[in-house]
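What follows is a pair of complexes built around subunit A, which joins subunit B in one and subunit C in the other.
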Partner chain A sequence: MSLRRFRSALSYSLLAPAALVAPAPVFAVDYLTAEQADRLIFPSADRFEVKDLSLEEAERQALETRLGIPVRDRWPLRLARQGDRYLGAVAVDDVIGRFERITFAVGVGADGAVAQVEVLSYRESHGYEVRLPAWRKQFVGKTAASPLRVGEDISNISGATLSCKHLTLGVRRILAVVQALQASGALP
Partner chain B sequence: MIELRALCEPARAARVVLSAVLLLALSRGVADEGAAGEKSSPFDRLRLWGYGEIYYTRPTRRPQDSQADLARAVFGIGYAFSDGTTFDSEYEVEHAVSSASDVGEFEVEQFYVEHEFAPVAVLRGGLFLMPFGILNEHHEPTNFYGVQRNFVETLIIPSTWREGGLELSGHTELGLSFAAGITTGFDLSKWSFSSTYPPYHSALGLEDSDSAPLQATHQELALANAEHLAVHLAANYQGLPGLLVGGAVFYGGAVKVPLPAGVANPAPEVALWEGHVRGDLFGFDLSAVYAQGSISNTAAANAANPGSPNPIPAGFYGAFAQAAYAKGFGTRACRLAPFLRVERYDMGSSYQGTQGPLIPSGLVPLSPAPGDTGTWPRGHDWVSTVGANLFVGEDVVVKIDYQSFSTNADFRRFDLGLGLSFD
Partner chain C sequence: MSAPRYLRRARPALGTLVEIGARSPARRPERAAPALEAAYRVLGEVERALSAFDPASDVGRFNAAPAGALLAVTDHTAAVLRAARRLGRESDGLFDVTLGSGPLAWSLEDKRGVPRLRKLSSAVRLDLGGVGKGYAVDRAFEALARALGGKAGCWVNAGGDLRVTGVELPVRLRDEREGGAYPWLVLREGAIATSHFAPGARADLFGAPSLRSYVSVASPCCLWSDALTKVVALLGPAAHPVLARHRAHAFFHAERGP
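Presenting the complex of A and B:
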């Protein structure tokens, strides 16, 4: 395999869903479960409805082309409701920091803006600063129209550049997917 | 097994190292079992990265000193073992061609294994970058403004500073990180007290000549004398997005300058401390560093070399302040970011055993070339740098700057640079 093709394959796998990349178990710190993240992101919700949503293939490819990163077709989301009122959706996803996966949850409100970002599991020996509330708070209010670029509207953390970049890309992907699902009527 | 002799030939060394790492990766089994019984590739655990810089520098008063240089071509190889253990390494070729008869160097810049016991306890062992300043650990060309690194983090903090040893580091929930280590130190027996010609006569020569106190005496784990070890402690705070505040201190014994028997010659001690701050404010990248060092017990060595133009200093320091319009002008694909930096360095602020450097006055020969004369350079200066980085995407940068020197006026120069980084 030429080095260029190898690197292309490696970079493709960096942002692939966890099911497609299965390294052997390594040291990990689990901070939250998905259910705990739900409660933190939408504390006023009285129930969460799990919905297994899918992107149309044409839609998925268009997002991949626009974002420049892999986008899977299936997106299990947890819809937060307060009575009959739809508050938003929580998506759980993985990105790779330097070597290992970072599992995180993004809550997107009914208005399409980020409500909150939570790190569920972190497996790297560096870059922990992405867990800092002050750093994650930068994403609150961002929409699919926001730049969401490290160095532009998201500050970098010295020594954690890869984790910052990849997590930011992951949030951008979720926002784009939620926007597409709302546009297709799959989401309120 | 890696042949040590192979490491003397840079291109062959690069192939040997890369082959060794790939063999290591493959020896773990081409088809490791994943958690779900699926086969995973050793390439899943391998990471490659690299960066490089090309300079063009033209002294405005001495155009004959103009140079173009492939300053560095660096590639990195990392590998993730299981259970929180990783390996990182970086290999660098300076000045394009490295051999016994060429000016370049092939060097191992980093080579260490790291194991995480807990977020607050990560232990690394090997050859690693020292946690000093803003740039020493993160000096990719896309991470700093100006064609070359600032003088404070080249001459006072001897970037790229690396030592061999052990280091414990960690991060806390509040955004505070620390590093504490024990490493090899400096070797003053390498000091050069005399020279027929000035050791440098341009700013680029100053940066490349390894004349600065800790550049001249660093060991880089190359058959390093380990009789005297050193300790360091660093702390950084990044709890607020866009803000980095930190500092570090180093202290240790050093190899002494050999002197005749009967001459009292206590072992020298080297100390360096620094403080730094970098912040994003309304689209501006603001940064400042202050660094100060000392070398004790140098009186006997300097007294044994009277009239030297280059005695060992007892003290040296430097500081800079910089403002860059990081938001820049243009688009995400092509962004021009201007900057201004003012810095002060003094490689010999105090001396023991001597009044200071005895420097020839007037015009002196600068090299064996007939008619190549100028003034002997001073080891201190005020430098102003104005310029811009043109970022092409995130990973490629074209740089331009002009530097004005207050004391060494012949160093004034116009610079162009090309830098790239990938990971």
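Presenting the complex of A and C:
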């Protein structure tokens, strides 16, 4: 490397902190659409029936108390069937962490146990942005968008180990909701 | 539309989010999806052996066992413990998977190819958190590369501890204070792991709780990268010979912001 190039590299690295004022780059990955996740979780299903199910208010409140996190009342589920057989249901939900928003699908088998968890999308930005409704809204429906392309960004993140606490709670919430809907007879 | 060039999945595992990615093999693109599944299966296998939270795991059984117990353990546990023992020696005992509860109170034996773990005091507890994730990444990565065959291009990233081969993988560094992920380097072959040190973090950098920094270690495999971030944090510049022995390089990144 010539001295001149070395100098410019050095001044670049010295100048780098000035870039602090610029907003942190948003990091985003779309892994799967909800439909792709359905087929991955229940590969033997020959069809998926969409059902918009609701929790009774008393049930919803009981779940919130038990889980210690908010539980919404409406749950659009996709029921996996193979012929007449009910294989299980897939629910999609998202959780907000410190800097990230994770949209994920959980398959719950006919036995009421988690069959599989798949992350549909991962978005990361400033902590304060992640909590803004506008920031969250801009990604609604994004996971159903474009398939992967050649030249796609395959960036990965290193850093302190990402905590999976929120995602674990989110999976537990779906499991509890599906079990409640099974117990009430809304699900097979 | 052209076929997807990369297949990527992310699932919760090892207490974090694990992304596994692969370039679809040009001649056998159908190999990619089963290869990813194979890698996730191996992750689950290692987790079941090493988890400190699972009473049925090797570590769970060891921690609950009375002094003098001799337990048959998996090859995974034996491999991690051998690596931990080696790092303990190389760091003059600073790297310690018993977290001070009894660094010399366990021993590994081998009976006709079956590793057995002896517990020498009732107080000793194992916590493989400092090496287990890196080890799991390595095993999953090997299963993935094997299943893809040929000149595989693939990676495994367990919440920031990652290993890659055959792909120019841009790696960003997460800002643990404000969020966002800044471009840092491109990794094509080998492993990177990062630990973050700041007041309130699990460990202190150089024993000084006020220091704030990221320590990243690049090396040929993730077990050493993962474990060596802790050794570098404990030893500082004195870690040089240990890093050299493992063909590893350490990076310090200052925190952004005031």
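Rule of thumb we're sticking to: the second predicted complex is superposed on the first by the 122 of 188 C-alpha atoms of A that agree within 3 Å, B and C clash if a C-alpha of one lies under 4 Å from a C-alpha of the other, contacts with A are read in each partner's own complex, and residues count from 1 in each chain.
Assume a contact is a pair of C-beta atoms (placed from the backbone, for glycine too) under 8 Å apart; a residue touches a chain by one contact, two chains touch by 3 or more.
Values in this document were obtained by computation on a predicted structure and should not be read as measured data.
Novice: Looking at A:Leu132, would you say it contacts subunit B, subunit C, both, or neither? Reply first, second, both or neither.
Specialist: first
Novice: Tell me which partner A:Val50 touches in the superposition: subunit B (first), subunit C (second), both or neither.
Specialist: After superposition on chain A, A:Val50 lies in contact with neither partner.
Novice: Per the contact definition in the header, classify A:Arg98: touching subunit B only (first), subunit C only (second), both, or neither.
Specialist: A:Arg98 contacts both subunit B and subunit C.
Novice: So, does A:Ala183 touch the first partner subunit B, the second partner subunit C, both, or neither?
Specialist: Neither subunit B nor subunit C is touched by A:Ala183.
Novice: I'd like to know which partner A:Ser155 touches here: subunit B for first, subunit C for second, both or neither.
Specialist: After superposition on chain A, A:Ser155 lies in contact with both partners, subunit B and subunit C.
Novice: Once chain A of both complexes is superposed, is A:Tyr31 in touch with subunit B (first), subunit C (second), both, or neither?
Specialist: In the superposed model, A:Tyr31 contacts subunit C only, not subunit B.
Novice: A:Val171 contacts which: subunit B (first), subunit C (second), both, neither?
Specialist: A:Val171 sits against subunit C, while subunit B stays out of touch.
Novice: Once the two structures are fitted together, what part of subunit A is touched by subunit B and by subunit C alike?
Specialist: 23-27, 29, 98-99, 125-126, 128-129, 147, 149, 151-152, 154-159, 161-162
Novice: In the complex, go through subunit A and note every residue touching subunit C.
Specialist: 17, 20, 23-27, 29, 31-32, 98-99, 102, 116-119, 122, 124-130, 147-164, 167-168, 171
Novice: Help me check something: in the complex, which residues belonging to subunit B touch subunit A?
Specialist: Checking each residue of subunit B against subunit A gives 32-36, 38, 40, 43-48, 78, 80, 82-84, 86, 114-116, 119, 122, 134, 137-138, 171, 173, 175, 177, 236, 238-242, 244, 278, 280, 326-327, 332, 394, 423.
Novice: So in the complex, which bits of subunit C are touching subunit A?
Specialist: Interface residues on subunit C, with respect to subunit A: 1-2, 4-6, 8-12, 15-17, 19, 21, 133, 155, 157-162, 167, 169-176, 178-184, 192-196, 201, 214, 216, 256-257.
Novice: Can you name the residues of subunit A that touch subunit B in the complex?
Specialist: Residues 3, 6-7, 9-10, 13, 21-27, 29, 98-100, 125-126, 128-129, 131-132, 134-135, 137-138, 147, 149, 151-152, 154-159, 161-162.
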